[in-house]
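Presented sequentially are two complexes of chain A, the first with chain B as partner and the second with chain C.
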Partner chain A sequence: MMKRLRIERATGQLLVARSGAASNPGSTALRSSYRAAQVVPVRHQSSYSSFEAESQHPSPIYEEDGTDHSRFPPLEKLPPLTSTLPSPLPERALQSAKLAALHARLSLSPKIPLQTLARTLVDPSADPNPHFNNTSLAFLGSTIINYHASEWFMVHYPRLPMDVFYAAMTGLAGPAPLNRIAKSWGIESAAAPGGEVDSGLLQFSLDSPGESVLGFGYTRTIVDKINKNNWQRSVNSKIIYDDDFGQVVSRPKPKPKPKPKQQEEEQEPQVELDQEQDQDQEQDQEDGEYLYNPLPPKFSPTSYGSERTRELSEKAHANFVRAVVGATYAHCGREQAKAFVKAHVLSRYLDLERLFAFKHPTLELALLCAREEFDPPVARLLSETGRLSRTPVFVVGIYSGNDKLGEGAGATLEQARLKAAMHALKAWYLYSPGEGARVPSDVLESGEEEGLGKRMRTWEPVYVDIGELISR
Partner chain B sequence: MAVKALKAVSQGRNGVGAFILQCKRIDLHYCDWAGSSRGMNGFIKSLLPKFAAAHPQIEFTISPRPAKHPVAIGHYINGRSKPICVRNMEPYEILKKLELLRDASGEKLKKVTKPVRSINESVRGIWSPYHGNGMQL
Partner chain C sequence: MEATLSRPAARCCCLLKTTTPSSTSRVLLLPSQQQQTRQKSTRARHKAALNIPAHPSFLSQPPDSTSPGGSTTLIFNPPSSAPSVFQTPFKFLPKSDPRRRATLGSQLFSSSVTTQFSPQSVDVSSLPTIFDDRSPATTPKNHSLTKEDVEEMRRLRLADPVKNSVLSLARQFGCSVMFVMMCVQAGKEHRDKVHVEPHAAAREKWGPKKREAKMERKRRMEMLMRGEI
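After this line comes the complex of A and B, so read on.
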């Protein structure tokens, strides 16, 4: 346990000069000096380490930060130029004790390699290269989590109004609960992302969040106007256009386009440096490599603890949980992913009663009774005490014919009546066929091992409601 | 007029669905020279490999701390830590202390007077003076 495998002691790292390093005519003296210094290790994303006979490269005495490592040996021997990378090399995942502990703590299947788990911890804001960050896994995971959460709500609470359904989805599978799940797994985040960071730490950047994916879903063409003018959206359009939580999917910021070469030469060398770097980065992302950005990070300690940083942190944590679900699906399959979502997401407690906010409960109850062809609701005083005292209590029941729909106690007659109407409406909207109701994905399960056999695979239709009251 | 929705975030219930061990890291410090670390050194040599292998979900770190008493520090998911000084202890006593660190939740110690704490609604409901037939005097 304590003696880690020191693979990198036996081997070096393949060193490759950047393509076209000193051949660009537009390069200034400053840039060429940068380029000469940039020797970038090649990264490979695979579940086996790709160390081969590279020991002819002696490890450099001077690292890129100028530290004399013969005098100050590092705690962990890293491959050369590791800190030039935006995220740790996938091979280093095998040496991270934190990562192995996390794998065991989540009881993940041994089919999920540590390299994949390390990849789920790299946010796109830390490493924009999609081959090494968790965007694809997080997208896969979000579709799986949202599917299982929504089918669970649809089957178990078929009469939920759409707005409440979206609130319930946000409360169970949105970024805030997923953030809490990540925290409850004991995830620690790195102070700043980089290649030298332990693979078991969550890595996201507060400096360049623009690179990351903002949301998963369809972007409305009028999204800017909706955000600017606070336009109301109908429930139907939310269902069709917006994401799984009824939120508008914002448009990602367009990347600044590199200008033509001639204009570039006339500009200041510093500006030119930036743009060239962007170009190179885009090129290299296609090649599966990443170039070190030598500009100092625009990090300020005051940026900690603001609303914005909390939001970024929440998003990074949520995307990590989604990516773990995506990794479970990719390596272990559908049933394991479903079991994982059930164990970690759906098992959490969410009181749906607290999600309702009624404006005119009595009117709504009257409309509901009219639609369902019940007798019109009548409020009756059931019991009271202390009418003339300082603390009176009235208990009012709402009746439709002889059936009591709801009951509420309040300090005034009006309050008690409203409470009773709200209870009646909640009793209607929160109808549930019970815990044993089967969701559609149960049909896909192979239940032979549990002796359930054929029953699991045949679908019995569930209750489908005609819908909530149409608002006027 | 339609129903509006409020915001809420689901609450975790560790052990319902999945169980996450709350102890995430145990740091062990020892001294090569001092006599109070003799038990700790024996523990690290003889008992720790088996204990660590049995608990892969805990990260173990060992570091020397010369001229100091040996100590075992548990770090927990809630951000707290629990240090235990294990000077002059025998290896099996230290094993007991590590089991204590493993089983702790990381919360501050407090007196538990009620056997069950739950966020679930009471099955029986709350007694109401306004319901039922009342008592005839």
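After this line comes the complex of A and C, so read on.
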């Protein structure tokens, strides 16, 4: 039996202050980025009151980013040194009107706190700290979305070839549709991430893609050659190695080596990350160094709207949607998450018919009829018009014995025959047991009434096809 | 022309204009010599021919429709359109499907063609087939070829691939073209000599128009295979 995972603990550090949060892989990289002129705020829910107390002090004239706040007062009152942080403090989520509006617009359950919703909007490219970005929630959400989407396809279209199945998964649950979903939710993105940004804006960086593990799959040893030479991959190897959408899992880029630390830092034991950061910042302040964001952002007129920025934006938006699903699962449970996925992802229309492309449709149909022990297919002319004219039309039907398998109209006999064969093949591949077919996760639902619950919990096996017609 | 085809009334006209219902199946397929071309002299005739009555489904009057309590009639005369791929043919339904078990099968998925313009069903075997020499149905089958036959086939093909072409070998041994190609492949030099070099030489002579037309044709075929046209 499977042990029940306590997923709700995954987001616990937002609500409960964790003292031992130093075991964090990005801590060394973070230290350099947190070096600012002054004390950096500790980002914990429990330290919120201390921030309010601190904010009573007169703020420095020159912020660490060089803004003269006496001349350009901030739009809202921020805790000191907020702009040194890579992402806004979780406490500020409660003051964000955008976030509250988003929460209401999505009809999210009140069990999901605004802090968690704010965290779903922080991409790993904005904040590399996995305790504050949405990586964990997005990973959880992607598994849930992909599970429900693949289950739905498996039950409703049991004969889909694997390539078409991958295309359908990409079309329904891939980054592009999730990006559109996020856009339809009215998500706006911040121009650049930072601690002073409104919590209700999606924050991602165009400079660094950020590291996030989002899916299962193996990195092939020849992945570089596949990408370089555009090698074909067999369907079997896609199933074994690649991710849920049949895409190659690329090798994680080697992490940039942490900058040489001062000797005393190396000897320090692993204490709490934030305290360590504080000490670092204080030392930097004494040295008068300014190391925050050492590389200026490489924005050029061409960097906006390029292929790469669009890709990064799409990825960030998609991860946000996944993270919202993950947050729903963590706070509200399985059924709510499934309802959310059903309402927002599975309800979208995808024209499965257009995902097919054939090479030799007549041959494939003949193979199909031979395998299923039907009579061999015969193309017969049903009707025609204008054979000698400029625009003739032929209507051809494909028959197996006396049964018509498909029909197609074309300008030549050959074209009509191919169309009829493709129609017959699509009719075979797109067989569906009907809209009301139950998916395996329906069994887990608890029915309201006793009788209903019993009926729902018994599982009748669905139709599973014997396999692909042509091994590709 | 497509518009003309898709008009049910025009089909009806086609039916009415010609002969009795007994020869319905032949009526649908006009032989090429009977293909009508429009000329100035035939304009009046064609115009008269296009003046067609409404579809019978619109004309049929139920006997007691005049009385206020009479039964209403449902007119079902949809415009012709390409069939949907989501309507699975009866033969493609798996054994476990409830649609197969239901008795509706014979009614919903009738084995004979019922076209819109001819309510009577047409015998399937009377419809002309489209010749395809690769199709297993249209090629004669000889499943009793022995190992020696295959060896002989290989020997002949490799000895003189020009004389013993795939088609001639298929006819000689009574098997399909595909089977011959599965058994033996001519050498690369023969393939180049027959299939590559002449075509390359011909391609050199193409002008820009022909090249463009060939490209268009290739592109159309790719679109067809993707189901875009």
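The criterion applied here is as follows: the second predicted complex is superposed on the first by the 355 of 472 C-alpha atoms of A that agree within 3 Å, B and C clash if a C-alpha of one lies under 4 Å from a C-alpha of the other, contacts with A are read in each partner's own complex, and residues count from 1 in each chain.
Going forward, a contact is a pair of C-beta atoms (placed from the backbone, for glycine too) under 8 Å apart; a residue touches a chain by one contact, two chains touch by 3 or more.
As the structure is a computational prediction, the values presented were derived from the model and not from experiment.
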| item | value |
| --- | --- |
| Partner chain in contact with A:405 - chain B first, chain C second, else both or neither | second |
| Partner chain in contact with A:364 - chain B first, chain C second, else both or neither | first |
| Partner chain(s) touched by A:374 [first = chain B, second = chain C, both, neither] | second |
| Chain B versus chain C as contact partner of A:383, first or second or both or neither | both |
| Which of chain B and chain C A:393 touches, first, second, both or neither | both |
| Chain B versus chain C as contact partner of A:171, first or second or both or neither | first |
| Partner chain(s) touched by A:351 [first = chain B, second = chain C, both, neither] | first |
| Chain B versus chain C as contact partner of A:311, first or second or both or neither | neither |
| Partner chain(s) touched by A:432 [first = chain B, second = chain C, both, neither] | second |
| Intersection of the chain A residues that touch chain B with those that touch chain C | 354, 356-359, 363, 382-383, 385, 393, 409 |
| Chain A-facing residues of chain C, complex | 1-2, 4-5, 28-30, 32, 35, 37, 82-83, 85-94, 96-97, 109, 111-113, 115, 124, 127-130, 132, 134-138, 224-227 |
| Footprint of chain C on chain A - complex, ascending | 353-354, 356-359, 361-363, 366, 370, 374-389, 391-393, 396-397, 399-410, 413, 415, 417-419, 422-424, 426-428, 430-433, 463 |
| Touching residues (chain side chain B, partner chain A) in the complex | 1-14, 16-18, 20-21, 24-25, 48-49, 52-53, 56-62, 77, 119-120, 128-131 |
| Chain B-facing residues of chain A, complex | 1-2, 97-98, 100-101, 103-107, 161, 163-164, 166-167, 170-172, 176-177, 180-181, 183-186, 342-344, 346-351, 354-360, 363-364, 382-383, 385, 393, 395, 409, 425, 429, 468-472 |
